[in-house]
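You will see chain A twice below: alongside chain B first, and alongside chain C after that.
Then we have the complex of A and B:
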């Protein structure tokens, strides 16, 4: 798992992974501040894919709340130095 | 032994019961800020064959009113990201939300939740009803004001096709529920996307936890994922 770092400006590598019939992004890897909320990743995905309704989740079959901090998600679900975030375009509801 | 690769994302009634107990246990150990879920047996109907230990999970009187300070923080973080189209709402909507919260500041709203098995869709369904501290039921448009901004936006776009009101299958009173027809599909995605081939027992153990991580977001409810095991 990640080494402890007191540096609050620490960045997390996020790898966006298309699942189901979702389009694959050309730019699928980026860095984000650990102190940012997961909402920022969701926003980014929505803008890149031009879709409002996305189903977003991480390993261990978990869909993070947009208020979660990216660093917390990385500490719990990250491996190999990155946080893999899966996305699908199926409707979550209905 | 079920082959998870060919699994359709659904549960049998028996598996729902197992999954529900596993969920309630994890919830109790991780969610210290919330009361535990109770398992209630389904009331027996004299005209049906006795159900095999059917029941549902119940969580009562959860305060869903959000404090003013939280609303202000959301507003600030959205502006600072410098994005024109934010996840939750445009600037106008954020200002409206803040005004609404202030006017409802003194009245707290509560919600009862139930996780009920749907034999039609073979998945859990979240039922809920909200009310004021004096017990007065809240209609959906009032409940909507308490939801995180992302949820309200989804609701307003889909115009009530996202949440429906119906008679509760067991309690026979009007409750709202989140539509279950997409559930199997996204439950499959949740478990099968990372090329791991989990055993079905593992899937069952985690099923409701994963399910709740999605549906709980409508209400801003979450379970701590900081796993100690």
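Then we have the complex of A and C:
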């Protein structure tokens, strides 16, 4: 995803976890700029899994708005130094 | 009347113009005049708006979206918040343009009508529950009929129905500091011993929208029109109300939400050996290590360079919540208990003047 940048911009570690029958990614941990929107994570998953319909959640709890900043999500819901993002092909938590 | 009733009955008068590219009849149709609930969302007005324009629309599939002075409006932001943010000098009616074609997918996330808005609302509610309780089991475990009833109460602006269903969620409310301060004055020691232990602190979910302007202004109509969402910083950060001897005010909450604006206040307590702060920041070859440390802290806190500057001349010009401009001394617990949106988030609009 985002290439390493030399400046002091904060990066967030995102751990992508498959739910239900969603395919498991070979590489599941990524670093992303805190100033990026959650939409970037969603788009990345769509391209990697070649699927348009994806349900993406944080901590198996709720689906954040794609405009949310990754840094806010990490500050509010991250733990153990990462943000856990779950993805499913059908609605997992309605 | 209680404050939440005022909030739920609040509405924005809209004058909705059909975009010229979609007018196929002469004369063009007059604008639709609609009273939109503050706590509602613009796409939900589609059934009210369509009848006005359906006879003039070009053939094709309708996907409704709105703009204000060319700025596409984010549909998941409550109508009242959009108005507070984009209309500093509140114009009534608020003139906006409706489109049924040409959805700007590069600016707006997709919206497929009521279902999309409902999904966004329920997820916001879960997010708020997670912030307050550390999990959102209460929302997830809602029965289908309860969830539907809650959503319909929001769509219909029915506060009674909403309170009936939402009270089942047992979402932690914040201790009303004003009430307990009044109570303390009359019953000193009774409080400590007789009341069951209550959560002493509360985490309030906040969505903060910051409009930064570079020029100072006296009148609200001098605020430049927002032509891009880049001019607005959006911050999702909860405020933890701290129980101290003195009342936790809105000002205290803002210090938590926008610490970079208040850095100078804390600096005033730091002794710099007579060196003027502004000079110390300008002269980078001076070894004023305390200033450097603060600057570094500022770098970490600052995440959107255009919108945040560390400067003694940065100041809050305007703060609006549910269309009102509360005094900064107001107890934040009152704000948290009375001015929430139905998604249990407090939406706060702020206009900040920053240094160039």
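What we mean here is this: the second predicted complex is superposed on the first by the 81 of 94 C-alpha atoms of A that agree within 3 Å, B and C clash if a C-alpha of one lies under 4 Å from a C-alpha of the other, contacts with A are read in each partner's own complex, and residues count from 1 in each chain.
Basically, a residue touches a chain if its C-beta (ideal position, glycine included) is under 8 Å from a C-beta of that chain, and two chains touch if they have at least 3 such contacts.
This is a predicted model, so every value here is computed, not measured.
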item	value
Which superposed partner A:88 touches (first chain B, second chain C, both, neither)	first
Dominant toucher of chain A (residue count), chain B or chain C	B
Which of chain B and chain C A:71 touches, first, second, both or neither	second
Which superposed partner A:62 touches (first chain B, second chain C, both, neither)	both
Contacts of A:27 with chain B and chain C, given as first, second, both or neither	neither
Partner chain(s) touched by A:35 [first = chain B, second = chain C, both, neither]	second
Chain B versus chain C as contact partner of A:19, first or second or both or neither	first
Touched partner set for A:53, first chain B, second chain C, both or neither	first
Chain A residues contacted in one complex by chain B, in the other by chain C	39, 59, 61-68, 72, 76-77, 93
Of chain B, residues touching chain A in the complex	77, 81, 83, 85-88, 148, 150, 154, 157-158, 161-162, 178-179, 181-182, 185-186, 189-191, 193-194, 203, 206, 209-210, 213-214, 216-217, 220, 222, 225-227
Complex interface listing, chain A residues touching chain C	8, 10, 34-35, 39, 59, 61-69, 71-73, 75-77, 93
List of chain C residues in touch with chain A within their complex	74, 76, 109, 119-120, 123-124, 126-127, 130-131, 135-136, 140, 234-238, 299-300, 303-304
Residue ranges of chain A touching chain B (in the complex, touch as defined)	17, 19-20, 37, 39-40, 42-43, 46-47, 52-53, 55, 57, 59-68, 72, 76-77, 84, 86, 88, 90-94
